[in-house]
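Look for chain A in each of the two complexes below; its partner is chain B in the first and chain C in the second.
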Partner chain A sequence: MKTKVKHILLFVLPALFFYTLFVVYPIGYSFNLSFYSWAGVGEKSFVGFENFKTILFGTFSGEFFNAVWHSIYFFFMNSIFELGLAFIIAVALTSKIWGRRFFQTMVYLPNVISMVLVGFIWSMLLNPQWGLINSFLELIGLESWAQPWLGQKETALTTVVMVNIWRNIGFYILVFMAAILNIPKDLFDAAYIDGAKNNKIITRIIFPLTVPTMQTLAILIFIWSFNIFDVVYALTGVQAGPYRTTDVLGTLFYRTAFGGLGSSRQDYGLGAAIVVIIFIMVIPLSMVYANVLDKRSRGL
Partner chain B sequence: MLRLSKSATIILFIVLLLYLVIVATPFGVLFLNSFKSMREIYLKPFAITESFSFDNYVQAWKKADLGSAYVNSLIVSVSSIGGVLLFSSMLAFMISRYRFRFRRLLYIYIITGLALPARLAVIPIYVTLNQLSLTDTRIGLIMVYIATGTAFATFIIKGFMDSIPMEIEESARMDGATPWIIYWKIALPLTKPALVVVGLVNFVNVWNDFFFPLIILSSSSKETVPLAISVFFGEFSNQWHLIAAALSMSIIPIMIIFFIFSKNFISGITQGAIK
Partner chain C sequence: MKKLFVLGVILTLLMTMTMAVTVEMWSWRVQDEEVWQEVEKRLQAQGEDIQIEFRGFLPTEYDSKMLMALQGGKGPDLVYTRRLPGGRTKAMVDAGLILPLTEEINFEHFTEGVLNNITQDGKQYGIPFAIQVVGVFYNKDIFDEFGLEEPKTWDEMLAIAEVLQSNGIDPFFAPGKEAWALVMQHAACGVSVLGPGWIKRLTEGKIDFLDQDWIYMNSLLNDLKKYYQKNYMANICTDMDAAFAFGQAGMVFYGIWGAQMWKELNPDINIGYFMVPPDFEGNQPYAYVYMDGAIGLSVNSQKKEAALKVLEFAATPEFGTIFSNITQNIPAVSGAHMPDVEILKEVNEVANQYASPYVYWVGSELVTGQPSLYTDVLSPGLQAMYSDEITPAELAQQCQDALSQWYQPLINRLESLQ
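This part shows the complex of A and B:
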């Protein structure tokens, strides 16, 4: 349909205004800020590419690449577990199984709790002295497996990753379920008439037809991996202990911009520069993602 | 949809049960601990409390001043969700129903925000609010939530509207109805399933958010629930029985809302609100 410009503006402007003012403009402003040194009060002083040099090659590079590596670790673990496990559970939940509706609801339950609260619930479960995890291991005779999961370098990061997966996987399960339920019934019927077994149907029909969903989800997992903050904040604190072994870009940014004990330097400009580096990695992919969604919605 | 043999059904059912245990246990432990004393938590991790009482809840409620926090959270959540639903559905309606210049560009501009880590731009957001004298106000917080909710809401609602036939709207237009009447009287009621999905996702995000209130609000009278509860993480950080009670209280409202809407929510998603 066509309509007058004044109507278009009436409908478009409110959302466009808020979105531009508090989402797009701040991102642009971060780019600007990254060329300054600024403690938050007083005058900003222009420093050119100094912040980027400090982060990439200077005194911050050790911490920065440590955090980047952890974010990439998050991405790999999340891709394998969230996509793999979610696929399997979604296949189960779209089959005729007793209590399906109940399971579908329960699967999404952790997603409605905030990450910060999830972090505190799990630090209760993982408490080395009285946490349920270690108590359970002792109960079934595996005392030797009991350990301070979050307190030692070897296990801390993986533990944080697992808690993150526990919280988020429900979303991926629902999206996979949507994709599987979208597959035309005839395909299944025809395959069964031809005498196909379930494992063939999973590998030859369900899997290939959910690959596009996996691709878009993988893009989202990549972007969200560089955006992780709450779960680390809640489980191991802003200091991302022990010895920064759970540090990610989100916590590094928080320490740099807002300080906190042990941060070597507090500076909005330096914080903004970290954010800009994250944006440079993430924004092209965001646009690819938006394009894919747009094309798909137009049936291309 | 797979057709399963008896044995396969049983195996999958057991797998799902195990998964359910992993999902539900942390919540169970939280609720159990919220009724225990600190001593009981230490000594008997699996046991149920010996002397059942709401003492922990009363103490936690007072210490964190949860009463006013609930009011604040409710004001912020309801207003920002109302704003997101109204403005985003208006935008989605225009993009879905009308042809105009820059339409596709506008759509891509908006949904790029689906994948932008908006929270990382928190310094400029704070600075902007400050220039508008809106730091430490609920309205500032609400505006930020409306903005950060727009991309997802527009994407879902537009996608849903695309699947609704246009005949009724076309004939209403022939009868001289304005776009506003068509939107409000015809399109919006038909979009209800998508609005439920968007509303619930936004409610969860806003109710739970710790980050923006932490940065934007500073006076304790305006604190939202997650912020009020964070008092336990510092001052009383070893009082796990109180923490458990406080966390339970902040989780319960959202669980109730989730269980009320979960059927609509899950069918909304699986019937193609998200692809």
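This part shows the complex of A and C:
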């Protein structure tokens, strides 16, 4: 049966229309806006590549590269914990451990809590005077470990990263569990008959067969790490304090474009230029990264 | 059936005719909701069938949300706006997003100084609602307990801090996580320690940020941190409110708007106020006083007539009386009856007599350009200084580097020095 083009168009056009309206147009508009200076009101003034020059080499470069490094840090930490830890927990939860079903539900619970609530909960837990974490450390005699977690350079960014991991790890566990449960049971049976121990089963069967899942998740983590905003905003605010030590590209963009307390420039054009740079960084790197992982998985 | 239909139409018409006009208002001051409920009652008592729908936003998010709504042709009828001169409000005026009220409202109950904060090109763009006074608020009961008196000099304030600290009370509670509050503290200290004359010379470009006095000011604050509560860099203003209200801390650098919250948390608290003392005896202390904001009329309002009725009321001493009685803030309109609250009367008196005419935080030209002395330099800079990442001199250098990018009097000075 031959499908007529007009039938294909009939199904594709509505989706294409909305995709253009909500994805293509905003991206195109952002690219266009990045060549202007505009405070959000009044006339826009064309500045050419000035915004990009200011961000990469000018007075804004310090703040920009500070945020870039923090986004990279987010990526590495998320990769290690969200992939590594999620894999280990997923293996545990797919085995016959006691309370498996309860833990399966519990690990995903933070994922359904809104980020505003996550920010509120953790701000209370991390309060330097009466927060549960410092109180617990003091209770067990580890007073010296009690810290102003979100108030000092040494711990602020890592604390934000850890809260983010706490919130998101359930999703990665769920995906890993699906991948593990998809492995044919025969493989495990055969391995056990051959006398394989659990560690061999994990390293020789489960791990290799979940690598494609891991690759997909790694790409997602890469993209999400460079677009992170909400967790930083919820915990350290638009100022990304203390003194920008938790600043990421998302908060830098928000401050720059929309202003508000702690704003840097309040220029939509400059903000759009940041978005364009993020886009240019993430898209090609994602493609290269996906390609490398793909080749590796095929042994090329 | 026909009768029922006619009855239905008549009822609908009657309901439409008697339905009150709802005026929507947006603000960053969530605490003002009760004020507008009371205004609504008064207007209705005067026969105006107007309802006021008040919506409060987080201060950090308010400006961008309001601006985007107005720019998009939507938003409320009335908006809380910041001061003039100021980048955002000026941009709104220039873009015609808020309307001039000179022809519509009688401004006879406002002083010229207050009106300056809403005037551009000879036209008024809002109804000022409050003035704010910043300084040091202290717990009178704690001071009495240890026989302490309001300090006249910076050293006397340090002596008080020593006494409190040795008795297990945090001398100061600093919300170090909220950079704006640290800048406000710097600015409140600056008007007394540096003095209005010094700030005037700075704004005129006769001196600059590398002046020894500015570095000295930074150092004084940096040295004060030993009297802040433990782990102060992770605390926010709500922590401070609780700690001060319940006597964990003896003093806070803050604004009069905090008094309402402290009283709500602890109705028994006795709050005192003093201007930040100068570092030399005999020097005149000053208070940091600024107009908090105004209520502007949106160009997008479809209910201008009703919105103007609300604004007319907001320009009367009656409104000022409601406002100050509910919020415990000082109203911008003159002639209001202040509530019988000692702290409010005291602060009002100070505002009338000792307001610094020159400032470098809100209400100053120095924070209207970019990079701003406030949000771009002192906000992250003070946090960095308190965390020992930079020295007071380095903070001064950062101020110099940032402001010399756009502040013309400073540029002129630096050019003349070359």
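Assume the second predicted complex is superposed on the first by the 266 of 300 C-alpha atoms of A that agree within 3 Å, B and C clash if a C-alpha of one lies under 4 Å from a C-alpha of the other, contacts with A are read in each partner's own complex, and residues count from 1 in each chain.
By our rule, a residue touches a chain if its C-beta (ideal position, glycine included) is under 8 Å from a C-beta of that chain, and two chains touch if they have at least 3 such contacts.
What you are looking at is a predicted structure, and each value in this text was computed from that prediction instead of being measured.
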Problem set entry | Touching partner for A:238 - first (chain B), second (chain C), both, neither | second
Exercise. Regarding the shared-chain residue A:193, is it in contact with chain B (first), chain C (second), both, or neither?
Worked result: neither
Exercise. Just chain B (first), just chain C (second), both, or neither: which does A:152 touch?
Worked result: second
Exercise. Of the partners chain B and chain C, which touch A:59 in the superposed model: first, second, both, neither?
Worked result: second
Exercise. Between chain B (first) and chain C (second), which, if any, makes contact with A:113: first, second, both or neither?
Worked result: first
Exercise. Which partner does A:211 contact after superposing on A: first (chain B), second (chain C), both, neither?
Worked result: neither
Exercise. Between chain B (first) and chain C (second), which, if any, makes contact with A:129: first, second, both or neither?
Worked result: both
Exercise. Is A:26 contacted by the first partner chain B, the second partner chain C, both or neither?
Worked result: first
Problem set entry | Per-residue contact with chain A, leading partner among chain C and chain B | B
For this session: Figure out whether A:12 sits in contact with chain B (first) or chain C (second), or with both, or with neither.
Result: first
Exercise. Which parts of chain A are in contact with chain B and also with chain C?
Worked result: 129
Exercise. Can you list the chain C residues touching chain A in their complex?
Worked result: 59-64, 67-68, 71, 87-88, 91-92, 94-95, 97, 176-180, 229-236, 239, 243, 370-371, 375-376, 379-381, 383-384, 387, 389, 405
For this session: Please name which positions on chain A make contact with chain B in the complex.
Result: 1-3, 5, 7-8, 10-12, 14-16, 18-19, 21-27, 29-30, 33, 89, 91-99, 101, 103-117, 120-122, 124-125, 129-132, 135, 139, 166, 174-175, 177-182, 185, 188, 192, 198, 201-202, 213, 219-220, 223-224, 226-227, 229-230, 250, 253, 257, 268, 271-272, 275, 278-279, 282-283, 285-287, 289-291, 293-294, 296-297
Exercise. Which of the residues in chain A come into contact with chain C in the complex?
Worked result: 39-42, 59, 123, 126-129, 146-153, 236-239, 241-244, 258-267
For this session: Please give the residue numbers of chain B that touch chain A in the complex, ascending.
Result: 1-4, 8-9, 12-13, 15-16, 19-20, 22-27, 29-30, 33, 41-43, 45-46, 83, 86-88, 90-91, 93-94, 97-100, 104, 106-125, 127-128, 143-144, 146-148, 150-151, 154-155, 158-159, 162, 166, 169-170, 173, 178-180, 183, 204, 207-211, 226, 229-230, 233, 240, 243-244, 247, 250-251, 254-255, 258-259, 262-263, 265-266, 269-275
